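Look at the two complexes coming up: chain A is in both, with chain B in one and chain C in the other.
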Partner chain A sequence: MKEVPMSTCEREFILKAIRDRKRIDGRQTYDYRRLKVSFGMERGCCIVDLGDTKVLAQVSGKIEEPKKNRPTEGSIIINLELSPMASPAFEPGRPTESGIEMNRILERNIRDSRAVDTESLCIVAGEKVWSIRADVHVLNDEGNIMDAASIAAITALSHFRRPDVSVMGEEVTVHSPEDRDPVPLSVHHMPVCVTFAFFDQGEFLLVDPNRSEERVMDGRMVVGMNMHREICTLMMSGGMLLVKEQVLRCSQIATVKVAEIIELIQRALDKDAQARQAGEKCGFAESVPTNKITTNRKEATAIDTTAAAQQASQVIQEAGPVDKPMSNMLVQAPGTVQIGEGLVNTWDVDDEDMESEEKEGREKSVTNGREAVATSKPTERKRPVKAVSHAEGSDSEEEETVMLFQGDDETKSTEEPDSTALMQPSNSDKPAKKKGKKKKAAQK
Partner chain B sequence: MAGLEIISDQGYRIDGRRSSELRKVCARMGVFTQADGSAYIEQGNTKALATVYGPHEVRKGRGKIQHDRAVVNCQFSMATFSTGERKSRPKGDRRSQEMSMHLRQTFEAVIVTELFPRSQIDIYVQILQADGGNYCACVNAATLAVIDAGIPMKDYVCACTAGFIQDSPLLDISYVEESAGAPFLTVAMMPKSEQIVLLEMNSRLHADNMEKVLDLATQGCKDVFAVLDRHVRDHVSESHALMTAS
Partner chain C sequence: MAVHITLPESRKKSAAPDAPKHLVTPGDVITTDTGYMRGHGTYMDDDKLKASLAGVVERVNKLICVQPLKTRYNGEIGDVVVGRVTEVGQRRWRVDVNSRLDAVLMLSAVNLPGGELRRRSAEDELMMREYLVEGDLISAEVQAIFHDGALSLHTRSLKYGKLAQGLMVQVSPSLVKRRKTHFHNLPCGASVILGNNGYVWICPTVDDEKVESSGGYEQDLEPVPSTDREVIARLRNCILSLATHKLMLYDTSVLYAYEASRQYQVKDLLQPDIAEKVADDTRQRLQMESG
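On to the complex of A and B.
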């Protein structure tokens, strides 16, 4: 299935945010998403969650004949599967170019850097060797499959135990797990890949791009590194042009990130080893947290209203005399209050007349120096219209209900604060403005 | 080959070079008549052929047509007789597909594709003898072939390998040195602006040594560029002389 093309405005939005050093999901430029490593019941089974990207790796071993030119070495095979389960963009069957590239990077990262010792996989030189196979399946693609896959592969290889083999002369005995404890593979070091996404021809770079960032990026660089600061693999391609300094900077950033990731992997492995030893249940069923809301019930909570009543009376007392009688207010309907005289109830007149009235009202209010502007047509709102204050320093920014009538501006300028507002009319700008905004937000 | 040292005490490598010397580069342009552009290059014992067809109409798959630029299609294959042992799958295996993809990405970045919308440029590369630095020979041969075809490029693309053995960086790794398991870096870059088009590294290299190796590879690419440029100029002036003479 062909992928839905990304709209231009979404693309521009993401690029603009990146140029402002912001990412859509709120991370910093060098931040990874939440990384979680969990193991299955079987030895050698590992699931890695990098944000929403989910990758499963399973390691299995088989006894085979060795290659002709390397009779004393076993083999490590790494296979990356991109199935349509991960994303509708992947086709079943032949892997795409990007799939092949990722597979090759994984192979080079683990196999060519000799992360797992192949000499120790030899049983009988020239005849029988272990062939270890790591199958990495992508379960969900939310960006940056490469990193998740590399973490899953090396963790699974570290977690795996192969059956113990004893050779007596010509006899080779493969011991079952009940007979003798399975033996771990000899993993020399843990190479982990860090992906960098480049934008604007290498000017901006991000670590751990998510799906939308991947679709917008110019190109990417994958740096595979281990704890000893050795670069195990490096791949930069994608039609981008970089200079040497950028490459070196990326390798420095990768050093830091890899250290964090490997620490996390070690902790996960230790925790799993402890759990297995203690005989606790382990496996996916245990590692996936049960996010269940079983009941949702709220007790009726008693609210102490004594203080509120006191405060209210205090407010009213301190409010001071009201300049103008509030008898102007007419309650038209629940939620609709009219202050001032309206000539005619203009609610069911044509829209044109309403707009012209509204405009006149607005113009007059602007020329008067008032900051309040009517923000919406009366037909759209039944509640009093909230004014948006674009204040330049007018002292009273009380909220007012702007009425759409051809009344005088004088009446407008001396309007009382909204009856629904239980706050003190204050003269200072800042508090009123804050309250105004809060009320506005509350209203909305 | 256990007794063979990669670098002897006097600092000579197995083939007698010093650590920062390139292998001998021989190039020929315009080898084939059918192709729009073709080139043959020898880097030491590595021999590569490249042919370029295009820009022409997009033949296979109308879905590939790009409305604003040309599509670059690369195919890499190694002859079955190119390696020490007969190679059973010259193309279609993962390594060849990866190489083809890298070549395509390299040339898509360098060829001015905006000049030829809705068309396709084909680059076919064949390795006749593989003695290390296969990708580099392909890139260098393809550069010459694209120049021979007259397709405008932003700059030459020159590629070179650099390795790190026994605490010293080596330039232009041969097959023996490759199979010794030492890390080596393949760099394809545009020599004048020193912009890297493709970077690939195998095996383990400590991050501190990275800069040295990268610098050496950059220098190697510039040396390759000098050789290729001189050859192109000679070739053009010869052809010009032949044409004006008659």
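On to the complex of A and C.
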């Protein structure tokens, strides 16, 4: 499927930002995106996350006949898959020109630089050798597949363990993993690719371009290098010309970047080795984070409560004596007390979705309900229930703030406006008629 | 920086006042009666007529077809489309119109600068890039349809051609109503082109006389004043809110949505609850007018 063409506005915006030495995602010119390497349960399975670009590599081994001209060497095969899962721009079936190009770079990088020793893969010269195959699948394309694929390939090859083989004369025994521990491949060095994107005919360069930068770039250069500052691959594509100083500068930058990346890979490999040795759980289930939002945690902030404390003590002094507590309370269970006889709920709160337009209507119905209740059950409630109003002028994000208040002085000041505060139900049974009148006045 | 967060709410059932339509999904049996002819979006399985698309069943006498809810643009001759040039080829431009294939705009189907009428020569071919380059937006009309389904466009009238300053909104093609005219000069101070392919172009109102004289080649690149920009931004948010709530787009509905949105700030129209309110108000008003 052809990609939706980028609008000229967006293209100009990205180019203008690059000319101002700014990148759309806020990185610096030589910054890589967040790089994460995780391993699966199986040996030789590795997922590399470079920002949003996600690449999976899986290494497997097979015993085969060697090539006629190289009877003592095994073979390393690297296969890069660009499926429509990565991006709708990739078509299923035959690989495109760019796909073949990337595959060749990966192969040159690892195979031609002799990163993995092929002589050690020989079992019986001329007859049986190991053929190691690394399948690299791009799971998501958000720019710079090349780097992510190269990291995934070499890491998976370092992580892989092949079954141990012993040769007794003519007999070849392949030991199962239970018999003898699998043996690692002999990886001499780790070549990693670093991609540079060029803009304005080579005047501006960026490291690790993302998807939109890739669409706008003039051309790219890929430098494959290892820890010992040896260049394993050098490839330039796109319609542009580069001066030799630029090429040298890029290789200098690549040395720094490759050192960081290889350190990260080593750390990841060590951590995985430790986890496996200690018998801890390893695999993607552990390393892939579950993106859950549980609560909005914030640190506790100190609040100055002296003013509130003073106000509270003042209010308590002004208020009259507390009525005597009621005696008709039944303790049902620890923490549950019953007052009254469990009759119909006269609070008239239906559901929490209250719009402000319905507020008045609801208040009217509450009034009606209240009066009806008052007439029907005169013995139960002398001073019926609360006004239901909204926290006016509250800036809270929640729309369902319901505030039940009694129009009492003591409760008004100490209450926070955006909490659903159900006031003391015990007060409802107080036979305080004067409070009822005040309450109706407050409600109007 | 203030961040606006909305909590998840249960979706309210929209008051759909129209008569219940016959909605089908791929594989649903439409009818077992064999007397019907099958149209687009259907196929015969044994003796049953089944749907191959998700959409509404439409019946015209003996013809049954399924109109899909979401689809790529299927061009008809005479449609007005807004498209983006993707390629400059030999005597033609390829234009992306949100269809299965890119449309073709032949060199012979555009007006020459100055409005001359002559045969296109080799120099004209070399000057193609002076007029339209990759990334340019144009408004055009569908002239013909090729055998493979690709559209052939033309910009032979002075109201079509390269689009200058403005804003493009992409909505589903099924939401744009087929009308007599798709170019509207809204009284709120902006012009709108509702392309049948779902690409909507909003721009500041241009004087018609200016366009006529230059032959459709001059682009007005003067800076647009900020009041016009606000009107255009508001129109864009209104059109998006109408599109998300699946209301048909035509000049009246866009105008009503604009008026309903006047009480909110332009940026607030992007919030889902306010967008829903605007869409509901528009729907109610349209119903009152019609029924």
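Criterion: the second predicted complex is superposed on the first by the 293 of 444 C-alpha atoms of A that agree within 3 Å, B and C clash if a C-alpha of one lies under 4 Å from a C-alpha of the other, contacts with A are read in each partner's own complex, and residues count from 1 in each chain.
By our rule, contacts are C-beta pairs under 8 Å (C-beta built on N, C-alpha and C of every residue); 3 or more make two chains touch, one makes a residue touch a chain.
None of these values were measured; they are calculated from a predicted model.
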Open item on the list: Quick check on the superposed pair: does A:231 touch chain B, chain C, both, or neither? Answer first, second, both or neither.
Closed with: first
Open item on the list: Quick check on the superposed pair: does A:239 touch chain B, chain C, both, or neither? Answer first, second, both or neither.
Closed with: first
Open item on the list: If we overlay the two complexes on their shared chain A, which of chain B and chain C does A:101 touch? Say first, second, both or neither.
Closed with: first
- [ ] Answer with first, second, both or neither: which of chain B and chain C does A:197 touch in the superposed model?
- [x] neither
- [ ] In the overlay, answer first, second, both or neither for which of chain B and chain C A:4 touches.
- [x] second
Task: More chain A residues in contact - chain B or chain C - done: B
Open item on the list: According to the stated criteria, A:112 is in contact with first (chain B), second (chain C), both, or neither; which is it?
Closed with: first
- [ ] Would you pull the chain C residues touching chain A in the complex into a rising list?
- [x] 5, 7, 84, 86, 96, 102, 134-136, 168
Task: In the complex with chain C, residue positions of chain A that touch it - done: 2, 4-8, 11, 397-398
- [ ] Spell out the residues on chain B that touch chain A in their complex, using ranges where they run on.
- [x] 85, 94-95, 97-98, 101-102, 105-106, 108-109, 181, 183, 185, 190, 193-208, 210-211, 214-215, 218
Task: Contacting residues of chain A [partner chain B, same complex] - done: 69, 97, 100-101, 103-104, 108, 112-114, 221, 225-226, 228-244, 247-248, 251-252, 255
